[in-house]
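Each of the next two complexes has chain A plus one more chain, namely chain B in the first and chain C in the second.
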Partner chain A sequence: MSHTVDVEGDLVTRVEGHGSIVVNVAEGDVETCEWHVVESPRYFESMLVGRSFREAHHVTSRICAICSVSHTIASLQATEAAMGVAVSEQDRRLRKLALYGETLQSHVLHLGYLALPDLVGEKSVLPLADTHPDELETVIDLHRLGNELTEVVTGRSVHAQRLLAGGFSQLPEESKLEELLDRLLNSWDAVAELADLLAVLADELPDFERETEYISLTHPEEYAFAEGSIYSSDVGEIPVSDYRDVANEYVVDHSTAKFARHERDSYMVGALARFNNNAEQLAPRATEIADRFGLAAPVHNPYLNNVAQLVEVAHLLAESVRLIEALLADGLAPQSDYRVPEIDPTAGSGIGAIEVPRGVLFHEYDYDEAGKVTAANCVIPTNQNHGNIQRDMETLVPTIVDRDAEEIEHTLEMLVRAYDPCISCSTHYLDVEFVGEER
Partner chain B sequence: MTAELAVVALGNPYRRDDGVGPALVARLRDRDLRADCLDLGDAGFDLVHVVVDYEAIVIVDAVDFGGDPGEVVVFDPTDADGTRDRRASHGTDAFELLAMAERLRETSPTVRVVGIQPVETGLGEGLSPPVADRIPGAIDALERVLGGV
Partner chain C sequence: MSDASAPSVSDGRRPRVAFFDFTGCEGDQLQVINLEDRLLDLVEVVEVVSFREAMTEHGDDYEIAFVEGGVATAHDERRLTRIRENADIVVALGSCAAFAGINALRNDQEFETVKERVYGEDSDSITSYPIARPIDDVIEVDYEIPGCPIDREEFVGAVTALVNGAEPSIPNYPVCVECKFEENTCAFERGETCLGPITRGGCSATCVSAGTHCWGCRGMVDDPNEGAYTDVLEDHGLTTEEIIEEYQLYWNWQRDSRAVADGGNR
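The block that comes next holds the complex of A and B.
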């Protein structure tokens, strides 16, 4: 039987970016198999040049509305490293809490609103209001909890205002933290419901494996999110100062977005990479969920990034509880509202490196003696995953090429979506058009 | 629950008249209303949270209904089902999110839309003159709606 399949992906023009799949198969041979990413230039690194260290994090926050707190914190870390600014233990905890809240909401958004429709055979989340109303309410409640966690700590759920170089302009009220603690402690049933649903649907996740290099942060004392050094599953620990040697960005003809590679042709970042590198440090409740799904590091099926996100939802909940209990036990050190930490700007360079929902994020700034940015470099997780999506497709497509066009389309869409690329508004990420199909 | 009634502005102020909702609600903040005023920007799932929280919601948005520039229309979004030209002017379909959220509630909230016919919705700041001129009239319409829901 000969097969000729042309998959010509139309661009989807959504806020977070554009992507499409192009696959050409002639007489059963795969001639073209490309993951096209056509990101419009954002110019954020150029926009930063000339900006004060007081403004940089407000600018970079706008890189992403889903991960705005993440970019803010990475930016602040870079500035603080450049100018030797210390952050108190209390403020480090609060920043972590904000990051956990944002990652929680992002994971739940992806799992509940974007990935779940794939598993129940729907094109979007909207029909789930009729078919899975209880589960959808659970998703909404958890998504909202993540947003509110961020809002209580930073003043807003998107584009935080209270986070400043050296600390916070305003602290959350302890009573609000107590309310959050109650809600977090009462959310375990919701996590269990989400796990129950995904457990029923897990068979819908394709059984595809391709070993790759997994890169994340790692920290000796905790499952790394807010701080740590780089860890590669191939070569082990790498200092953050060498991040450019890890994220070797390069250009391919079919994409305006850069791809990245390290020890192999490609590497993966995100929840599954974190799980593979740091699973032993997960909270016990998160490990229980991993065990339930049979998730044991190392996992080489990229579709299981969805399950790794669910595991991290449990971890983030547990860690948020632990952080709030610690903050309340110690009591928040009083400070005046609208405080701006005193910083004498100095010339220098600094790197910020944190784990954000979609993987490890790097910001690096050079400052002059007036505290103005002279150069900036931001390496975002989705860019680091593009090469791995491409290699996954190249491995996967020859194994499914005899399936019907719709199934190929669906399988490839699910693959891209499993990486949770930063195109979160798009519930139907790829509008793939099959042309000239002969079977 | 924070209040029974919310005025929700939708729209992007960096797309000219698409930002008429946020511009209008910004003028309401100093008034003594019996409603919470919320600017949700481009409608996302935050809209679902609001629908779950409030008993009545008045959405203020740019709506391309084929009217005269700046013309104001008040309608129940359930009447707009299937009428694409009454959809809001930005990409996310707020009405589908509304419908989803309503299906999750035991009792549907009262929802009304105060729509303003846009002229320009391309990239850029500032309302077109016809739309800016009609803001006082739109506020009057909104206050009448608030008195009736």
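The block that comes next holds the complex of A and C.
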């Protein structure tokens, strides 16, 4: 059978940011197969130049709303590394809690609002209010719980306050942490319900495998999110100071987004990469979910990133419980409600490296002796995944060319969404020529 | 502010609403999603025909357009012009759309340097505008909901007003008014500086309440007394350079436009 399929450049919906897929199949041959990124540059790395170490995190939190806590913490780590600032154990725990809250809300948003409609054959989450009201309520409750975790710790969920170089401006009330603990402990039914729903629908996920290099952080004592060194499934552990050798950004002819490569043409970051590299350190409740879905590292089907996110939802809830229990057991060391951690600015460079919802994130700043940024580099997860999305498409499309255009388009859109790309993080995007319908 | 109107609830039909994102972090749309179950109440009173961050469907038939993010490219400008043609009411959602917000932080920097810092040897292929602009520099805007991000309650209030055929009410008093209601200790009393005295209120002084200070994210109030405020900052020991840095963070576009209106005098 030969026919012509032309899937051209409509913006992929239900992703954060703007991307489009261009596939042209003529007479059964794949002529074009490209993942384009459409985002206007914002130039954050330049915006930071000249700004004080007291506000670098405030500026970079605006790179992306969904990951604002993540960018804030990576930024603070970079500043603290540059100036040799220590952070207390209590404040490190609280930062982790804020990061877990954000990752939880981001994963639930992706699974429940952005990916689930694909699996139940709806075009958005809104019709689920009629077709799956109970499940939608569960999704909303979990999403709210993630946001409230972040809010209790940082004062608000989008563009968090309270997080400062050297510590917190203000601490959460212990009574609020106790309330959260109760809600977290009562959230397991909701997780089970979400797992049930995805289990029923897991058959809808395309059966496609392509092995690649998986890169994440790793930590000897825990499933790495907030700290650790770099780990590659190809070559093992790599110090954070070598991050530029890992995320080699390069320009390709067909797309104007920068791609990244390390040992191979492309690599993958995100929940599935973390799972592949660190699955043994998951909380037991998270492992139970992985087992139920037959998810055993290494997993080479990118569509299963959705399932890895669900596994991480369980892990994040369990770890948040553990963190709050530890914080309450030790009691919060009192401090001012308007603390400004004392820091004597020094000239130097520092790197921040953390796992954020979509994968590993690096911030690196150079400071002068007055504590002003002289150079900045931010490497975001979505950029690191572009090359892998492209390679997946090149492998996948020839195997599905005999299907009708609509199905090819749907399968590819689901692929892109599985990576949960967050293209608002436009630190490194080049402009792109726009094809197809604009909106 | 505007004589534009859309069908209101009293006409017995839900107004059709569309959300669009331009150059920004999408935090304002996220605040809409963060309404959680109240988002379902919202779609009882409006029909959402486009919301790319959350739905696949898209329609060009809408009365109210909420536009997030600023203008950075010619493509942005063409898209905005079409949205203006389609919509009866255009609402700027968030500070980047309303007055370029933090995007304008780079507007004082030399554009070739800006590009080179971010894209290095590939900077020649960058085709964005040399400065970041708000949407009202390109199209007529009926209402603005400022904030970085927007305040959820203020958004709900604005939608409620619009569907009832009324105008959204956005405060024109400074953050200090709400900060006092929140019983915060004034940043100046703590030996810090704060942009609250001339920043538009409506946020319940959220940042001061979280133990920091106002960064100015909602933009300046109408007719701020910048001169007097600059004196205050000088009295608190800030150098001219430091004061400019404070004003640059969110207000670069607003201050430049005012300078143009004043014949070039700041």
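As a working rule, the second predicted complex is superposed on the first by the 414 of 439 C-alpha atoms of A that agree within 3 Å, B and C clash if a C-alpha of one lies under 4 Å from a C-alpha of the other, contacts with A are read in each partner's own complex, and residues count from 1 in each chain.
The criterion applied here is as follows: a residue touches a chain if its C-beta (ideal position, glycine included) is under 8 Å from a C-beta of that chain, and two chains touch if they have at least 3 such contacts.
In this text the structure is predicted, and so the values were computed from the model without any measurement.
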Touching partner for A:Ala375 - first (chain B), second (chain C), both, neither: second
Of the two partner chains, chain B (first) and chain C (second), which one does A:Asp130 touch, if any: first, second, both, or neither? first
For A:Leu109, select first, second, both or neither according to whether it touches chain B, chain C, the two together, or no partner. both
The chain contacting more residues of chain A, comparing chain B with chain C, is C
Applying the document's definition of touch, where does A:Pro117 land relative to chain B and chain C: first, second, both, or neither? second
Partner chain(s) touched by A:Leu181 [first = chain B, second = chain C, both, neither]: neither
On chain A, what residues does chain B touch that chain C touches as well? 14-15, 109, 113, 125-126, 129, 137, 140, 143-144, 147
Inside the complex, what are the residues of chain C that reach chain A? 20-28, 30-31, 33-34, 36-37, 40, 43, 48, 50-58, 60, 72-73, 75-76, 78-79, 82, 102-103, 105-106, 109, 113-115, 117-119, 122, 125-128, 132, 148-149, 185, 187, 190, 192, 206-207, 209-212, 215, 245, 249
Counting only contacts in the complex, chain A reaches chain B at residues 14-15, 109, 113, 125-126, 128-130, 133, 136-137, 140, 143-144, 147, 425
List of chain A residues in touch with chain C within their complex: 11, 13-18, 39-47, 49-52, 55, 58-59, 62-66, 68, 109, 113-114, 117, 123-126, 129, 137, 140, 143-144, 147, 154-159, 161-162, 164, 168-170, 251, 256, 258, 336-340, 375, 424, 426-428, 430-431, 434, 438-439
Where on chain B is chain A touching in the complex? 42, 44-46, 48-49, 52, 91-92, 96-97, 99-101, 103-104
